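As written, the chain order gives the labels A, B, C and D, with residue 1 at the start of each chain.
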């Protein structure tokens, strides 16, 4: 169990280091062409997800996302006893990752973000983004588990662009990005609605896939 | 059967949400550099196809395309009885996806496109694009079905650039994009020729691959 | 045998349609930012190679390249009797692909290129590019044939950038690109040295890998 | 054994030819948009890693990196007797690759770099980059060795962007890049700290994964 906690912590830390770090680098080098900055941010995030899910999947399932862990418990995958450890590891790992990214770019460990991400379009985007993510997770992990890392990396690559919110789709990621006043940040006051929409989207997809594919457990 | 219909509906909706949504995002952020907008649109579309075909393939085959469904019926794959349900699911899913994308970006559900896509070069492009798509579908799904999602995603990534029409290659996609006055739209009056060329290209590839690879059914 | 000839013809045609067509599209949309045009051209070419090798590999081996065919015959793979048919299919397919690309973009079927690609740096680049390509082909196809399409697509994606010549690495491609006065073209008088360097690089890699990995045949 | 030495030499040479060559090409064509140059450099490097690890993995394990070789010996993988040969092959191959890239672009074989890469942020970046690389290598190569080439290529693609140093993560690469006064270069006086940080990161990850995943040997 300790190994699985450390795995979720490390995976979440490297995920956030990538999301925030590549956002800083891309923003600095893009000369104000926002699409170019987001493209670099996207490619880095999608690629690191493939690497992290392949690396940490065999140890802890590589959830790296509280809604994945909770939904997996709901459908009888991971036991409820393990859930709190997973969530603590994911959130603390995410904050550790933000501090790591900031250190790599010579910034203070944490600064509250001023990046406004509010309004119904943004919140609906998070619902759609997380619905799609959980659909991909359930669809792949039941029928073709070895392809899940590629499917999730590909999905997030797309979701950075097809949603207006750039697809956070993960409450641990959302909380930690509120502590980064950079390209990838989100204002603390916008976090609540994002997380609410993520939970709703995840539950909707999980319920639907329980019917679409009768299942027992997930082990991405 | 209801599961397969829902699978085709959802897959088509997420595909169109990506095509249209990423087009809007890319267009807004690219500062007028069209190649950059198309590159982001391309990467999002190719990536989401990998994710969707891996996710919905095990449930419904993940056709997500009327010409794939009809051609599969022609060669004895899916039964003709199932075809109408598939087509309705694909077209209605595609329109649902367009409305979803518009909602995520704060636009009205449907607006007729004014994007002109006409002339012989465009129409010939759709013939070539769909011929190539069906060639990839038949070639892979018979010999290496587990690689089909990657092959189709890669093919469409290329086809966005090597055809003058950016490769719609799908009648359901074409119809729904006529209802989006954004980067990815197509004028309603140009839809007919696009779909005719797509059908011709699909039939040509299907006939050719019947000879190239004696086959029974497709289950991408 | 007829099936294999048609497979090589079609694969070569779609390869050239992509190389030339995506070059035209990228050049038109890139607003003079050459790196952006080459990036789009690269992504389209690398992606289509993955799709084409997965599609046509099971039928004809998907050589799509005269030096691959000749080197495969040298090491006892394909029989020498089949070589002329393969070469004719590859070269004629390549020219058909150029005409197809031109038609999709409203250009005349063939125009001699004026794109200068000469000098020792360019020629040495083609030696290195083809040496590397054949190294990848032999290394993968003997030990992990199912990964060859991904390895070749990835290699060419890189080689477009790390060589000064953008890595033609294929005599059929080189001949056909001389008939396209577009982004991807090459002046007819520069073709000879390119092909000579490609043959030298291919032979060097083939000889070396005969020693590195004792082998019998290739069936990528 | 001679085959394995040649494999490490060739793989390292092609890796450096790509890193340096694609940097030169990208720098020349990007019109001063640094993010675009780095994106092309990134895509070329990530892609060539996939191709090289698939090609040379079956022969020598495709370490291509002294810290991978030494850490593999520490955990009982490769024998210590083989280590010196591997290291000599990797370093000499890396320098051969730099000279090859320079020759392809008409530059002198070696020129000391003037590219400043110093300070704690850069050095910490190399620690993180190499820690992550070894985590991916150990995590994948023990549980899913056939996916290692894709995981490593994806990881480096991300690490070019999420670290402030663009992730050298390899002492042989670092030494050789000091001999290239181009986009990818590093001032010779900055090399020492980079390599020290790389060794520390690699050892930390190796120790941690010894505990996370009890193991015997690596054969990526």
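Keep in mind that, in the parts below, contacts are C-beta pairs under 8 Å (C-beta built on N, C-alpha and C of every residue); 3 or more make two chains touch, one makes a residue touch a chain.
The model shown is predicted, which means the values in this text are computed figures rather than measured ones.
Homomeric contact chain B/chain C: same residue numbering on both sides for under half of the interface positions.
Each chain gets a centre from the mean of its Cα atoms; for chain B and chain D, those two points are 39 Å apart. Averaged C-alpha coordinates give centres for chain C and chain D that are 28 Å from one another. For chain B, residues that reach two or more other chains under the stated contact definition are 33, 36, 39, 43, 150. The set of touching chain pairs reads A-B, A-D, B-C, C-D, using the touch definition from the header. Residue ranges of chain A in contact with chain D, taken from their complex: 3, 6-7, 10, 14, 17-18, 20-22, 25-26, 29-31, 33, 36-37, 39-41, 43-45, 47-48, 50-52, 54-59, 100-101, 103-106, 146, 149-150, 153. Those residues of chain D lying in contact with chain A across their complex are 32-36, 38-39, 42-43, 46, 119-121, 124-125, 128, 132, 135-136, 139-140, 142-144, 147, 150-152, 154-155, 157-165, 208, 211-213.
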